[in-house]
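There are two complexes below, and they share subunit A, which is joined by subunit B in the first and by subunit C in the second.
Take a look at the complex of A and B:
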């Protein structure tokens, strides 16, 4: 009985995806479109050919990273909603290394780019953790605002030291081919960053459930007081969690710059952090769940982009659809908390009744 | 009948309030009459503050209704409460420190729809109110430059300015000196004489007996007694609060006062500040020997929590020394103190003792998961953990479906066994046990007692803190009585005089 309830609650985010699709379907009706046809098109287009299928994976890669960034911190009951900024810092680190060390051999160059985006993203994130540990700052607000600082730094660097040789647009030069992440399937956009993303998801799982550090993180996340009584220094956990979380988001910068864009354009991919939050909630903050939800969103993006082209719905409708799904996923999180509270309350009342009798 | 009804200002019926993990209030009924001082008595966590916060609109009740002057009301915020004439003086003041007295009083009290107000006029009214009730304070003084008792006056004036005729005071004397307390009581008497009502929250018996007309005792979220002051005695009230007759209590085991050796724990002149900044532990001295259970008796809220938290590195020590086997602990981190061999059974196992959503085995190694053999090079050794857990589950007879069942799904007694098994393993020298049997049934309580005695017989020192006096008396080899952060007296078990202990707990010394 109890475990049945648990499974139902675990599947909660899935219902919310359906609700979100239903809501955006209603809006399609207002636009004079049959939502069933549109959804069928999305499905058909997403899996039409090898290029599109490969693109689903390419689109999912950065979402896996930002989803892990939020989900990992969430396991410690910490809110890192600054993945966008950590992502931009990773982009900057990776594009700088790609531009300045282009003379190095490919393997070495890519390793440097990877490590630099990981470290810079991590350090940027750990600033938040440090401020929380040292000054008891609110990590939610701090991580939110750190994104704006990161955007300002990016604007400065891209209009200044990193601007393209022509000096026309706020973007960098295209990076040398030796800094490109190799493709997994030729003539598609699916690159080896996918393997990295899966490895990192596995690493997140390993850290959380197989290491002493992960034990501390989960203990702090589930009961900060008991963790303190057990001698776990929560402040150290704040810093390490935010480093790891920021490093995950930073790696998205590496795969986007070196795997897809091959340059850095000012303010690109501005939604990747927010989408990561929804994906992490949809995936129950579990690495496997996050990978699957990121793939779902990848498919929606790829199929949706093509479906709107044939169905004369404005392409901006895609944003509405994504928004509906994202909103209902996030709302479902609170509804689920509410249901758990009510269930727990019932249980307590029943227990206390038994005691009186 | 009807005249009596007319006398009732506030009536709360069937109030139930749930917080994650606890039922804070369980169908509580409370009536407050006009011109009466009602004392709400109870230990920390009994539900006094929660009940009053509901009346003041800070919490919403999950069940129950509130009537003010006979009408059912819906109090959704302190603003609603104030409109109904209910004011509250909080334990933590709610003043803006960098504003003047008059600015603080005006804040939120502007009734003019255009939002206009006059500082001068308000200042005059404050002076007038102050004169009426003997609460003189300079309206233009900055709050942060006023001493604590004056800040409390400002809080009271704030409520009076808003027309409060029911004043809730949440442990108002906790931060006051005896003289200021007397002045506060004078105010309360004047205020009552003018036909107003006061709800006085406290766990100090002498104060309650001095000021209250009627006393309502709460325990674990329920009303357990109601008596007029004339009929109340300290013993009677203490019994209702603590929930036990201080009758004959038989010893659980032979005393162990022979062969006193080196003390394991030495506490010298310890001073620790509580959350309100006052000295909760005030120049406390205590020694605990190997192979003894040392009980601390006292009404809760007399510094017990602060003492044990300071011992375990969870709260900074202001002054004084703590030595464990000669090693100073004063600046120790919890982690180091654990490694030195000190176990701690906390009062609230759900909040402090267990991570409810972690498994039984994870909770069993909560204080040793990063040490060999449970971890190697930072990697958890699941095999060793499982093996250890299986063995502990068997030797302590912990009833759980599997070692990886979340500890949340165990019964209270089995949850406490998980805590105790872990702490006994940690406590090579000293075991601190705070309310180790709270909320347990008789069987589990007996089991816990046997474990504590076994720990003692194996040569550990046990510091037992409990508000259940019977528990202290039946287990301890020596008993120290704590009152207002000091040990008033330490007595060997065989020399115990029940009356003396009862009076010492109320702070009465020097009786022969």
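Take a look at the complex of A and C:
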């Protein structure tokens, strides 16, 4: 009986997703569209054929990374909302390596790209952690602003040293085939980056719950003062958390450049960092939850993008859907908390009655 | 001549930043961060534009912006203050939603226009006598009405916070909510009202970008300036005067970066010139040593035993 209730409660985010989609559906009425038809289209399109189903996974890959980036830091009560910038730095590192080392054999080239995006993303992130540790600077503001600086660096490089040979548009040349991440299913866009994303999610779980570092990170997250009294050097934790978090976001750059785009276009995927925050919240900052939420967002993106094409709904509607879903998930956390408190009270009352009798 | 133009433009550009930062000071003194500021700026810009476009009246545009800001604020305030949910998390959700809503309803109302739709921007009000003072008149007294309002707000909010009983309640709510509660004042109610006031002001600040000087609305019209106002509140040590100084510095940075971009000055690449205000925020955040953070900033107030 009790466990049944528990399962119902853990499924709460799922109900709230439905509520959020319902709320955003109301907005469609303004354009004279039937939300049920649009949602049916989204579902039909998302699962129409193997290509689209594979695309859901392809779209989910970078979201898993940016979701992990926010979720990992969130476990330490740190706010890394600069995943967008770390992602761009990872893109830059990966595309530069792909362009300049294209003569190397595939395995070596891909490893270099992977490592460089991981390290550059991590270093860019750890600058924030370092500033917090050394100067007690506010990491929320710093990570926020670091994205704008990363965008400036990206725009500069892409219009200057990295610009395509034709020199016409702000984008790089297409990278050599040897730098492409191999596909998992031929003729789709699902690439081996998915395996990397799942491995990294598993690694995030392992680091947080199975290592001494993870224990310290969670201790700092739960109570910074208590952690300090226990002899944990919180400043080291700040730097390492931001390195790991930035590295996750940087890896999204690797998979997007080498797995999907095969080039770097100025200002592409501008919402990936913010969506990562939404995904981390939806997934309760747990790696497994993040993977599942990323798949949900991926399905919304794939189905949504196509449904938008056949109806006259603008693509900004995806933002409304994501926002409504996030808000209803946040409210559902409140409701779940309430229900659990009430249940707990009832249980205590019943127990005390039994004792009195 | 160039310097005068630059300074006049700096004052102009600092207007929304000052209004936004003052709004943030007001609400953060009660212990709530208004993280939805970027989204409210954007929706304020949107509502200001739409109101003005359809009625031809700037006043109605400004009222629409204030109303929209308050509406978004009530949503944010309800979830963070009454439902005690995380402020950064809720704010992020609202910012995503706001960006979607602004673009979606722009599309609903106007379709996809070939040329961006425009309205007449707010006229400059030349203050009699004062505006004819050489140099200073040009810089200070030939601005639009929102700029004068922002200057008045600096003093009004300072007076409200430090010279009135309401101000004492506001400051105590952020510094020691238990004491405020013990005095029989409802902490949540104070915080919620502060969120509403601050959101109304932020909506107004957002409208400055659309109808204050550009006269149009685009999706990247705010482009992180809400966040800069948010940062200025921190850097100004939660003090209205500090917020005003910060707003002015960033106004100068904003104006300088525009001037450098349009001039032939090519020593620094344009991409980095655009980033000047953001780099300045980072430097200021790192070098600022003494922060007097309101004690309970970001912590929901939960009465003991009533969880």
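Keep this in mind: the second predicted complex is superposed on the first by the 300 of 357 C-alpha atoms of A that agree within 3 Å, B and C clash if a C-alpha of one lies under 4 Å from a C-alpha of the other, contacts with A are read in each partner's own complex, and residues count from 1 in each chain.
Definition applied: contacts are C-beta pairs under 8 Å (C-beta built on N, C-alpha and C of every residue); 3 or more make two chains touch, one makes a residue touch a chain.
Every value quoted in this text rests on a predicted model; they were computed, and no experiment measured them.
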item: First, second, both or neither for A:324, with subunit B first and subunit C second; value: second
item: Partner chain(s) touched by A:159 [first = subunit B, second = subunit C, both, neither]; value: second
item: Partner chain(s) touched by A:144 [first = subunit B, second = subunit C, both, neither]; value: second
item: Between subunit B and subunit C, more extensive residue contact with subunit A; value: C
item: Touching partner for A:333 - first (subunit B), second (subunit C), both, neither; value: second
item: First, second, both or neither for A:218, with subunit B first and subunit C second; value: first
item: Contacts of A:341 with subunit B and subunit C, given as first, second, both or neither; value: both
item: Contacts of A:12 with subunit B and subunit C, given as first, second, both or neither; value: neither
item: Which of subunit B and subunit C A:27 touches, first, second, both or neither; value: second
item: Subunit B/subunit C common contact set on subunit A; value: 341
item: Complex contact set, residues of subunit A against subunit B; value: 2, 210-216, 218-219, 222-223, 225-233, 341, 344-345, 348-349, 352
item: Subunit C residues within the subunit A interface of the complex; value: 75, 79, 83-86, 88-90, 92-105, 107-108, 219, 224, 227, 230-231, 234, 269, 271-272, 274-275, 278-279, 281-282, 285-288, 291, 307
item: Partner subunit C, residues of subunit A touching it in the complex; value: 27, 30-31, 79, 81, 131, 135, 137-138, 140-142, 144-146, 148-149, 151-153, 155-156, 159-160, 271, 274-275, 277-278, 281, 314, 316-324, 326-327, 330-331, 333-334, 341
item: Residues on subunit B engaged by subunit A in the complex (per definition of touch); value: 18, 20-23, 26, 62, 312-314, 333-338, 344, 346, 351-358, 362, 366-367, 369-370, 375, 378-380, 382, 409
